[in-house]
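For reference, chains read A, B, C and D in written order, and residue numbers begin at 1 within each chain.
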């Protein structure tokens, strides 16, 4: 357990301050200055977020509970503390409210939470596969992997359309030493990159060179396709899962996924799980149904 | 940590709220957790030792333990309701043997007294649980969760005064530790159930558990929850909880642990005013893992240095007109 | 307006939702008001004839009428709760004689069928009420509000199946008009009460009434409400209401009128999916006097032109596992 | 009933648009453009207001119900529709939220509601007595009375301090033909006008000339003092009362005041009641306790 990629969180909710909110195609990039949190969350970990004021009163008298978000990028803030970037897709009252925040607004957060991605298995390259908003945790993973050893990290991203595919630009920006990743973009409508699903280049890549560790995050159907492709080829894969969450720190037992070892709580045993643990990544009630 | 009064070496756990005595057990403040709403072992993984240094509660109540291990209900298990939560968790736990060997030693390391919650689907199950938990010195108090059907009679134990009395009578002789009976709010007359539990030997009453509720999938309109129905908690149930606490306080003398939607010190003081000795925080901990500490601190501001146990144990806020209940 | 099916000259009342038949009475849509949450006479003073032109409901349910006139409870009568309201109104009304002479002629001018709600504190009171209301041709349906104690037995009528059955049996022969029984949610087993009411001759079941709740004054911590306790309504109770409607639907065949926290067409469709034939809007009308119309229109968008009475009367959303109830 | 000073409201909630929000000492002046409402609400009538978005999620997970506000001023909007001004005092989550609105924000409203002030009794002058936020309905009454017959309208206003007394300036601004009213301001701390309670100049005025009709709005203790002073001298008084309200149109029976004729609903039978109807104006649960 000591070895799990997990940075501990302070045991209470704290207030960060929104420092930027940028519209990025179909997404919002929300940047917050976190004074009291740790500087080194691990890629794949997440934070529970809520607007510091007026969380509630949206459609259906919601939101009430905080919402889980992978951090997408982290850096030291020049004035001390940590700057955290989150990539948000507005799908309901919580993400809608967070998308309304402006610089200076308080952001309530708890985190970093959960277990992040583990290093690639010995002798393998990292192959990152992201679908839609699922690219968020892959961005910081990519930052970290590119910072550590530049060679061979490959990124395959799939989006609905060019509007959403703007998130792919984040993988090019802010790279240390201007390194350029091996990046392939797919869109459902072919408006950017190749038309088709991200699993197509994944399949090609695995056929070409199966000595990879796959890191995947995206909608359940994509994750399940990735899981199955990797399982058939005995390729190691780490999947970042989603579930509705009430607490994010193992308190409510609400976020379970069925695994070969029974139900596990995605928030404390995940969100990153070894694909081998799963019979299916098509989880009920997860993702945006 | 055992049932003994907290020694001087103990770090103050829940803010600096004045000490409270619950069934002879001295607590550093009036705020507990609701059973099943805080997993101290998982929280320790997430928060590390800072959790123990700033432990949110003055006593820790375990998740409900059953005789057999349970996986719990299929997902989805959660639905967000207006100012509340519906859960259908289904009491996952390792079963009594797993709990005693795996969980209890870890929980004993917490800096506060321990309450173990148990549920039996028959009186003999409850007896077995009370015996096995009661003999462990790490445990300060036992809580009987009676919100389940008795498979022998088909009645929900905690909804029926006679069922509840029979259950408490059966287990009362089996331990000398204080017994808390946790009521279900889904009853016609919770005060009658509380009075029956008290007469049968309960040392304290905890209430409320969740209200029965349901949600449908917004597109298919099938039941959303894997367990079909669930339990409602959070601010949405607070008014119901406060009324039940006041009504039970009017009919019983044993200390009460009031809960249901408490999210602030002001809410908690309402429960003391209604007649509770302690309060418990459940769903609010999901929003803020440090809620217990924050609420204890807010209570202290409202109550002043004289503290919780004095001003309000008089039952100041108890309804003036019992007829209104 | 009488119990006859709405004639062709009637303006469509609640949006263009397709007609619904409730106990033989044809309604222009599935949305009614909850008893006591809309005073059409007062609203006519505030809104004038536009209220009648755009009447929010497909049938109008009167405030509960008792034998004697009642002033109601002392103020304060309201407390705002998270996503809800606690009220302690205390059934003010002119009494049956005043109602029939003063209110009924005015209510008869509404463009929709009329439901009169009555409450008796003894079976003979209820009999008197049903007889006197039942003989008035302006009245299409009667609703029995059984959320009160029977002064003869001390039991809350609607919390006890036998009490409810006895009340319905007593009044059933006294009128040929359809009888709706409105249940209280403060019961162990509302489906058992509903089944007893159905067996005794009820033509429809309405639920839920308010949940018992309480609030304290934020400074003095005395009970806030003049009536000490009150009833909780609004979105806070919706999950509880939906569960009870689904549970009652699983145990009865008569049409159900579902209510409790309905604030949107989506909420209302949930109640249809749970097995209700009609829905009623209460507290949401306080936020928007036109809520009934708006909700009917939103329902139509969700349900499509086929409409409420078809797709969902199958009980599509009824829980798959009765055990879960 | 036909003669009661009541303008009818459309029978549903509608959206107005905030056109200005000005801080006025301790109060907020909220101006909204109401397209669909009537142009002629009667002074003393009120509107039920709620933020058009995000009503809720404030302290204690409130507000949920709309809040009652007397309109303080009305005029035709140059682009059609009506411009309504409300004077707000932030005392809880509802007034706090309304005070956060900015120009362009939607404002949900129902109204005008209730019965307004009636004309002065024959042979009497109007004497307006306002305390604190209770000056709001007196402002539009004053506008109307000054517009109709200029002579003799007298206004006595009491405030906590100079900060709140800024609301008195509204009575000077916007008067037709630059007429200046007979205005006396009292403050508790004497920081503006005379120190003391507004009932002191009222008593002096009544002693000087009892041929007045008194119009009063303010905290319960002030209203009760006004009621008692007038009753002793058989002076006609119209009191604008307050109560917690859920609906504002007689639906909930929640806003009752005890009168000599039993309980009356302040929202349909008031908010302006003849003082004679009341044994006391010290109502339970009314005002800001």
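Annotations for the structure displayed:
Basically, a residue touches a chain if its C-beta (ideal position, glycine included) is under 8 Å from a C-beta of that chain, and two chains touch if they have at least 3 such contacts.
These figures come from a predicted structure and were not determined experimentally.
The chain pair from A-B, A-C or B-D that repeats the C-D interface, sharing more than half of its contact pairs by residue number, is A-B. With chains reduced to the mean position of their C-alpha atoms, the one farthest from chain B is D. Note on chain placement: the centre of chain B and the centre of chain D lie 48 Å apart, centres being C-alpha means. For the pair chain A and chain D, the distance between mean C-alpha positions equals 54 Å. The mean-CA centres of chain B and chain C are about 35 angstrom from one another, to the nearest whole unit.
Contacts with at least two other chains are made by residues 79, 81-84, 234-235, 266 of chain B.
Counting partners per residue, chain D has 56, 60-61, 64 as the residues that reach two or more other chains. Contact topology of the protein chains: fully connected, every pair of chains touching. Remark: chain A residues 53-58, 61, 64, 97 touch chain D in the complex. Against chain B, in their complex, chain D makes its touches with residues 60-61. The touching residues of chain B, when paired with chain C in their complex, are 79, 81-84, 86, 156, 159-160, 186-188, 211-216, 218, 221-223, 227-230, 232, 234-240, 242-244, 246, 261, 266, 269-270, 273-274, 312, 316-317, 319-321, 324-325. The touching residues of chain B, counted against chain A in their complex, run 36-39, 41-43, 45-48, 50-51, 54, 56, 63, 71-72, 74-85, 87, 89, 92, 217, 219, 224, 226, 234-235, 283, 285-291, 293-294. Listed in rising order, the residues of chain B touching chain D in the complex are 83, 235, 263-264, 266.
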